[in-house]
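In this document, chain identifiers A, B and C correspond to the written order of the chains, with residue numbering beginning at 1 in each.
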Amino acid sequence: MEKTGSSLLDLTYLDTLSDQDTPVHRLDPRVKLLTTLLFIVCVVSFNKYELSALLPFVIYPIVLVALGNLPLGYLLKKVLLAAPFAFLVGIFNPLLDRAVLVHLGPLEISGGWVSFASIMLRFVLTVSAALILVASTGFNAVCLALEKMGAPAAFTVQLLFLYRYIFVLGDEALRMLRARSLRSFGGRGMALQVSSLMIGQLLLRTLDRAQRIHLAMRCRGFDGEIRIARQLRIGGRDLVFLVGCSAIFLFMRLHDVPRWLGDTAMALMR
Amino acid sequence: MHMADALISPLVGGAMWAATAGLTVYSARKLKEKADDSMVPLMGVLGAFIFAAQMINFTIPGTGSSGHLGGGMILSILLGPYAAFLTMASVLTVQALFFADGGLLALGCNIFNLAFFPCFIAYPFIYRKVVGERPTRRRLVVGAVASSILALQMGAFGVVLETLFSGISELPFTTFLLLMLSIHLAIGVVEGLVTAAVVTFVCKARPEILEMAAVARPPATPALKNVLAGLLVVTVVTGGALSWFASANPDGLEWSMFHTSGKEALEVADQGPYALAARLQEKTAFLPDYGFRKGEEKEVPATSGEGDAAAEAGKGKAEEWPDVSAGKSLSGLVGAAMTLLLAGLIGLGLRRSQRKR
Amino acid sequence: MAGRHGHGVDAVSHPVVEVRDLQYTYPDGNPALRGLSFSVAQGETVAIVGANGAGKSTILLHLNGCLMPQAGTVRIGDFPLSKRTLPDVRRTVGMVFQDPDDQLFMPKVQDDVAFGPLNLGLPADEVDRRVMHALSIVGAAHLKDRPPYRLSGGEKRAVAIASVLSMSPTILVMDEPTSNLDPQARRRLIELLKTFEQTIIVATHDLDMAFDLCARTIVVKEGRILTDGPSREILQDAVLLVAGHLERPLRLQGCPVCSPPG
């Protein structure tokens, strides 16, 4: 219940975050979407034993969080909460891949640990990039971007509706849950049957609501097509961001920056 | 179970994106043909319903843990395959964006696993076949349970295949498969029971709704089958062929099944560490001055304490793995530390200047 | 006022809404309307009151063709309600639904207010003008960039009304506009509605509002009209109101606190 209640809060919170006015928020949503995708592809395209070359990629989330005035702690917490699956699958690597890959003085580290660390680093990078995308763009703008980039209207409209009514139906579900927890003692109200009935009840209300919404839409001349007047415009700033980020990502993909830094530093020290 | 970006290769992610994008366009077109404008709000609101319904958790009998509805089957039953596919796809999109369930690149995989299988396979070929034209209570229950189980098993199979084709995880195919299938068998049974209960509840309260759904939305047509078969073939072929190709490429990504099987043999017989080393070397050869010390395989105790250390603090130690010489290790560590420090400083500086404004 | 088109001189003489022998049975066999007739003249404000399930909402849904009469006729201005006249009818009659959440389905307030005008095929600048005008009438111009799910109940209601006003209807139909509003928001809404020049038909349980806002009241019971006449008389008639499962507005109950002196 805590978790479910908080998932609604999360939605609301991320939504509020997107309601700011910062250089990151002002960027065109299409540009942000493309950049995020490119970032993710670059990150996951590394060899599975790669770690050092992945590190420089943290710059992207860090810069966006800083410029976009986003709460770092909150985002990190969300990333961690989502980690279990990647962790569970990844944790087998150290068990199965025991060939020693790294010698650090007396310490020997197996390939499994390296690839596990790499998985977790990838995880943090990709997930935070996606979260930053919504937190700095807003879901509706992401949908608009998708539509302008050629996603079928049936899909994007459906996304908009879904998002709009999560809040309404989520509240309804919360009220039901509250009513259930007030009257269920020792978890007996959690039985499959009770929950199914609640879900069924919620479904009936949802269907009624869908009907009413459809009526309301038809009353205002709905003919099967949703028209949104808002236009998107890609400006010079957006282009600079897109091209700049792409260039940086590609550079970091092709060059192991930390190694170079380390080598240079060592050379200087000598 | 949601696939994560961290576990897939761009190739697998891209192939699945292509497949699901195709399916989305196809479903949207099919839906448009029907020109039923009441579907627009209905789909959206039902998508939101899936979220709300997932908030209503229940105890899974006999385990004491709690679960929630997946939703693919219920949507198919209420909306028919095309609309259900689009709705489920958007549910997964929202989950990827807001809850970090899966990720953007893995979205294609997740839509395929959790929307394609229930909507386009389990629903037309199991549920419709079992329930038939005149649904009875028992048929509804049997159909819902059977189709939910099948859908989840196929989804789990999808996760395993995608993971292995990506080659990031070391899990051997059979182990992973058995693990996933057995977990999802339990989940499937529960999902089926809940789906059946909800459907019968609606059936009793408002019989007209399901009748409408059954009449207005005929099961998948043969044309659909062809398209699906085609898509499946395309996915498998592109995924497989490209992976194979890429694995032969020096700069490419490994093809894990290959790797895994080689690895298994090694561990069972404890012979051929050289072969393994050679393969690893070959695979990572594009990295400069990679030095791999052959023939040494040391057990690393898998205690969780060390695990965390290696995962977190260990990142620093680990990233200079290709080097053997102490000097180079040190330079790697220094480089990593400098990178992180720089990134942090840049972030701090930017935030400070941002605040001032 | 937001685009009053008016129907010329003869509009006063013949009714803008005319309902004759209207009957409607829901698909599940529920006879909601069992034959009722009334007509409304240009510029009138009419309250439709009655118990839960009396059929008020069902009547309203017929007024702009959300439901089609199964028997009897509905005439809106010069148009008899039919599939063919539906676009004209919907342009004339603006319907505000009971739950604003059903009505505000677009991502932003301004998208929602623009939804109707865009469907009418108006040019972009005209749409913009209408959106801002409608929002300023209801005092919600500052909300235009907000998503509807982050508005208060009163704000939602105001925006829902604006989303209908932007289509410049000459007849406003509202289902329980004051439900879920706090006393101040309710008062503001009533004052706002008083300034409207459109013909207004409201279905409501808020008899005080009916008394305040509407010169005329129609009492509905079990799908039929129980009475139809001036609000002053009907809402005083205790016997009649009890028959309609209603009671006198508080201010008419002789309560020393809430009824105005005299």
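Criterion: a residue touches a chain if its C-beta (ideal position, glycine included) is under 8 Å from a C-beta of that chain, and two chains touch if they have at least 3 such contacts.
No experiment lies behind these values; they were computed from the predicted model shown.
A.B. asks: Which chain is the middle one, judged by CA centres?
C.D. replies: Minimum centroid-to-centroid distance belongs to A.
A.B. asks: By mean C-alpha position, what chain is farthest away from subunit C?
C.D. replies: Between subunit C and the rest, the longest centre separation is with B.
A.B. asks: So the centre of each chain is just the mean of its C-alpha atoms; given that, what is the distance between subunit B and subunit C in Å?
C.D. replies: 50
A.B. asks: Taking the mean of the CA coordinates per chain, how far is subunit A from subunit B in Å?
C.D. replies: 15
A.B. asks: Please compute the C-alpha centroid of subunit A, do the same for subunit C, then give the distance between them in whole Å.
C.D. replies: Taking the average C-alpha coordinate of subunit A and of subunit C, the gap between them is 43 Å.
A.B. asks: Give the residues of subunit A that touch two or more other chains, as numbers and ranges in rising order.
C.D. replies: In subunit A, 160-161, 163-165, 168, 209, 213, 217-218, 222-223, 226 touch at least two other chains.
A.B. asks: For subunit B, jot down the residues that touch at least 2 other chains.
C.D. replies: 41, 206
A.B. asks: Show the residues in subunit C shared as contacts by 2 or more other chains, in ascending order.
C.D. replies: 105
A.B. asks: Can you check the complex and tell me which residues of subunit C touch subunit A?
C.D. replies: Interface residues on subunit C, with respect to subunit A: 61, 64, 66, 87, 90-91, 94-95, 97, 99, 101-103, 105-108, 111, 114-116, 118-120, 124, 127-128, 147-150, 163-164, 167.
A.B. asks: Touching residues of subunit B toward subunit C in the complex: what are they?
C.D. replies: 41, 206, 208
A.B. asks: Residue numbers of subunit C touching subunit B in their complex, please.
C.D. replies: 27-28, 105
A.B. asks: Could you list, by residue number, the parts of subunit A that touch subunit C in their complex?
C.D. replies: 12, 15, 140, 143, 160-161, 163-165, 167-168, 209, 212-213, 215-223, 226-230
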